[in-house]
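Residue numbering begins at 1 within each chain, and the chains themselves are lettered A, B, C and D in the order written.
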Amino acid sequence: MRSNTEAPGTPRDWLQFGLGAVVVAGMCFPALWMIYSSFKTNREIFRTPYALPGTWHWENLTKAWNEGGLGVLYVNSILVTAASVILCAGFATLAAYAFARLEFPGRRVLYRIFLIGLLLPPPAVAIALFTQLRDMGLLNTLWALIFANAAWSLSITLYLMSGYFRTLKREMEEAARLEGADTFRVFWYVILPMVKPAIITTAILNTINIWNELMFALLFISDDASRTLPAGIVRFSGFHSTNYALVFAALTITTVPIMILYFVSQRHVIRGLTAARAD
Amino acid sequence: MAEIVFDKVAKDFGGGPVVRDVSLTIPEGEFCVFVGPSGCGKSTLLRMVAGLESITAGEIRIGGKRANDIPPAKRGAALVFQTYALFPHMTIAENLGFGLKIRGAAKAERDAKVLGVAKDLELDGLLERRPRELSGGQRQRVAIGRAMLRDPQVFLFDEPLSNLDAALRVHTRLRIAKLHQDTGRSMIYVTHDQVEAMTLADRIVLLNTGERTAREGSLAQIGTPLELYHHPRSLFVAGFIGAPRMNFIAARVVEAFFDRMVAETASGLRIAAAVCADGIKIGDPVTLGIRPEHVTFGDTLAARVLNVERFGDSSLVYADCAEAKEPIVARAEGGTRLKRGDAVSFAFPAEHVHAFDAQERAVPRSVDPLAQ
Amino acid sequence: MAIAAQNNGLGGGRPGEGAGIANLLFVIPALTLYALFVLWPLASSLYYSLTDWDGIGAPRWVGLANFTRAFADDIHLASYVHVTLYILGTLVFEVSFGLVMAVMLNSDRPGFALLRGLFFSPVVLSMSAAGVLWNFVFDYRTGLVNAMLKGIGLGDWAQPWLSQPATALICVMLVSGWKFAGLYMILFFAALRRIPRSLYEAATLEGAGPIRRFFSITLPLLKQNVLICGLLAVTGGFAGFDLFFTMTNGQPYNSTEVPVTWIVKMAFDSDQLGYGIALTVILTVVVSLISLLYLRFAERSHAVEY
Amino acid sequence: MASWTRMRNLAAGVIAAAVLASTFGQRAGAEPVEIRITHSITGGTQKEALDGIIADFEKANPDIKVKQVVFDDDQYSDTGLITQLKSATPPDIYFQWAGFPMQRDAKEGFAKDISAEMDADGWKDSFLPSVWSPSMGMLYEGHPYLVPMTLDVTNVIWFNKKIFAEDGVKAPATWDEFMAAVKTLAEKGETPIVIGNQELWPLGNWASHIASRVVEPAHYDAAFKLQEPFSQPGFEKALTLIDDLRKAGAFNKDIAGLGADPAMSTFFQEAAAMHPIGSWLVPSANEMAEKDFDYGAFNTPLIDPANPTKDSVIGTATGFAVHAKSAHPKEAIAFLKFFTRLDSQVKWAEAGSFSPVKGAMEQAKLDDKTKQMADMLSHAGSLVPPPDTTYPVAVAESYYQAAAYVAGGEKSPHDALVWLDEHVKAMK
């Protein structure tokens, strides 16, 4: 850890902070611009693009919410993300434990097969998957996205998890085994509590990915009732591309809550990401 | 009823034998220490008893039953790990009670037993803490407590003291010795530290490593601590047991009688050894050995003092001489006035000199210090 | 990439547990999901890629015709050039920028945590929202960039950023950097924290300044992380679709066409699913080959230890 | 079908109409039959009109329920329709574009041959006769498979009346006048024409209309069927006209990357004098333009008086098909007959659609712009369909791409055609 013992506020520290702040401010401006522009009228946006709104038009938000059917999009996104993340975390943790610790026929081959998915880009199967989901009757259902997203998150989750398993000392499991725990109980009582940090980490990564997933959502869902946010926003901005204020309002509605959520749980998100290897 | 028998046990991870040809019987109630340099397979042997490691060849019998295919939990063995292996997410009470819970004991019974053992080990104030809040010594006591709660046929210890500081080591050693006396159970204790081996063991099993394992099997020598000290079967055993190490000097046999032999070093120095000279021929190369505590100050070997280590009760004198590659070490009195650069002369009483043949086997001694 | 190689201990065939068939139960749920939604479509792609199929009628076997066409399709070939440029761009704007910011924001002083949090925040945004937003920023007539240029008297520099081949791809790279630099920053930041402070203290005692310390301590010790982040950027780049779809959709003049946008166009806009699938097969092969070469290289340099 | 992707939801097209009222016996006591109809009209006045007509139908036929399955346009043409057509329970009625898509459906056995139904009760004759001309693409091997619904003009040139008046420019009748107007506007500092060509069809449709006016119809057809190369004088001339426009500074600078909708909004914000786009601009204008915004339209000016389609309009028809595997074909036909009754079609026309039924446009109360469109169509010598509903889409898109190269100054007309031939060669 750095610096707690150093004298605060040397010129170099201020320079470092200042430079960082300038870069970060530059990065954040477009998002801020989007937020306050969503309270302007369309004319204002064109005439004075970066001024604050003359009067704050809160009705833009309700209008965007209603016209975009954003409520449905939100619910769908939450359902898809939650279900995929849980499905993937559960399956991947079980499998990672087996690959890291247990002996069974085909272990090495299966692990390699799972790792292929690490390198594959999802578009590689998008079209074939589309026809397959159609034959399964899953198109236009949230299940299409849940299964596809969960399956496509498996490889990376499995990879990270089994790496994490390998950092765990075997003695805990051996001790439990000597106490009479069978494989499943070792997993449940000893392994699962110990890998909780890794599960949270991978779940956070998967949540971000799946929440933002666009391509599957565009291809597999054509029904308004099961569309998710990213696809919904693209569609909405297409319809209303002439109305900046309304599009910004919709973008604000859809992004600000997730940003707030992020900032509330930020410590955890970052701790999760940074804990990827150790403890 | 927990005699443990190793019958031609071997282990191979795929890169040559790690353990080979181990046949050994540990009678009930014995405290047996496996010792050897790192890589000798002592931990592997222990884990084979526990059931954590499969047996490549041969069999292990516990209480007369072939154990090879018995699952670890059913072998009646409790293992104390070097790293303690406490579950970090459980309290001390939960850690102690885990096995009971798995075996289906009722909560009240569990709590009572846990509390009993915790009191024994002076852990009763710590039951609601988590392992990371405990000191190393406390954690090791929890690990031992967990083993006690199993009420096993045999206790297994895998280098249990190596993560503790010196003072705690002595303390915990005594606790383990007491545990042995109190329970009367068989114990197998793995360590690389010969002090632990010498102090704790009823019997020591010294294991070979590497190429020597392939040549003569894993077992270098089995015996009581003093047997290994006084009658090492080989150069390796002689060098491993005893601290500081035995001094070795290369020589050639010039005389051999019934119970005595004289050998001459390259520089013409003659040293006598009290060994049975039956199979020894004049001219054979031998390695002579003498422990530092048996070297006396006399007029046989001239040397120059390199360093003096003072312990108060005694001192160790390191001295260079022409006859040995390594400095000769001798134990002197605590108040010796020798210092670096001094000329010194050593003598080697024949009754303390060991001899080893070209195959590094010991030539039997003609005196037996154990007989007195 | 080594597999769970050491199988001593519990893995080594425990006594009394047979061949461990029961252990397969732990893998079967994941395997089923994976086989159904990853492996099977991958395998069926091979079949469909050899057919002429509009998604409506029955697939008609055409042998390798789709592949012949793919290698004669100039836009398809160019899309690989574009994606290569894009990946190089992301190595600069995402990985390198993220590394620099990780070093710059690596401090325990108050305020730095907030900066890190803000810097990371675009990662949480959806790509489609980011694309839509940045379209408004780069718009020629009413966009923020040109408005600012006019505001500071540089109106002549105003450009149709997304409408000329010279700038469109760079704009996408910039947005990509804006979106993902935070992720790499956090990954590097975590790695930086693992470098023992004593190394820097030793170097400082030897008289090394901050730049020298960066190049002779930080960078070598982060080599493994840099290589892993590089692989993330490469595989992520080939899968890149969202930003291209929302910002340029391949235009202008196909100069931002990347394999995935072209595949989606061929398959769905032009109703040539067979051809589109053949293009996905090619993409799969290319990405796999590059990844394997990359891993081999990384393994040889002993930087990636799994 | 990229060109049609967006416009559906925005609104309707152009044309005229007629009607046939159908009476249909009710089956008393039966469970209501549900028929499903799928389309991509997601909102706006058209959706309201359709909802109204369906409500009327259900009132008149209490034993039939109509369920709508609605997709937005991109989805509908890319994946939404395909998905449904092949499903185990296909919709009874589905929306489809005439021409290539309809003919494919007919060939693959998705659409039902409705010859018998059309012939009964003079249903067929209730439509404008021009609807049934082969070039309209309602027929497959001479049989009707679509019930005509709307006719869309895919390209006219909308102009800002105020800017034209200020700069002293009049709606041109010939290409020379058009070029002169463009030059005048450019000199006055205006953006003469705004096009958002990110998806290629906005310019592509117009460029193919221009080509159809210059190239001999037989050659035009042959080239798009890949039987002849595009590199021939006719196409080169067509692209040269576009190149001339570019050189005269006709286009907005960001033509290549701008979206179609932002381009429309540019026109409404009076930042450009002209905007070539389809008839669906009319309903959008009511929503998006300022109150005092006034605009007119002219067809692509006369280019080559010798060309047989010198005064053509570019447009396409859409309609409803009955799925061949529909469980309730009778009910489906009953609904479609109700939908194409004159009174229904008057409502349909008043919602901004151009009804293909005789008399509907005449009876409907229409605004000026819609009337102007209708006039333009009725005066047109012929109707040319856009290539992406008539020929394989990949070929049409390639031609659009070639036009985009020229309009952006990336390639000369000649080079663009060489590229085009090279590019489509692989598709044969």
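We adopt the following convention: contacts are C-beta pairs under 8 Å (C-beta built on N, C-alpha and C of every residue); 3 or more make two chains touch, one makes a residue touch a chain.
Keep in mind the model is a prediction, meaning the values are calculated, not measured.
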For subunit B and subunit C, chains touching each: A
Groups of chains joined by contact, in the absence of subunit B: one piece
Pair of chains with maximal C-beta contact number: A-C
Distance-maximising chain from subunit C - centres being C-alpha averages: B
Intercentroid distance (Cα basis), subunit D paired with subunit B, Å: 93
Chain centre separation (subunit A, subunit D; CA means) in Å: 41
Between subunit B and subunit A, distance of the C-alpha-averaged centres to the nearest whole Å: 55
Chain centre separation in whole Å, for subunit C relative to subunit A (CA means): 15
Interface hub residues of subunit D, defined as touching at least two other chains: 78-79, 82, 86, 259, 262
Subunit A, residues touching no fewer than two other chains: 46, 174, 177, 219
Multi-chain contact residues (two or more partners), subunit B: 51-52, 72, 74
Subunit A residues touching subunit D - in the complex, by the definition given at the top: 46, 130, 134, 137, 139-140, 219-224, 235, 238-239, 241-243
Subunit A partner contacts - residues on subunit B that touch it in the complex: 50-52, 72-74, 77-79, 81, 83-90, 98-99, 102-103, 146, 150
Subunit A to subunit B touching residues, read off their complex: 169, 171-172, 174-181, 185, 189-190, 193-194, 196
Complex contacts: residues of subunit C adjacent to subunit D: 54-57, 68-69, 72-75, 135, 139-141, 160-165, 168, 248-249, 251-254, 265-266, 268-272
Partner subunit C, residues of subunit D touching it in the complex: 1-2, 78-79, 82, 85-86, 104-105, 107-108, 110, 197-200, 252-259, 262, 266, 271, 392-394, 397, 401, 404-405, 408, 410, 419, 422-423, 425-427
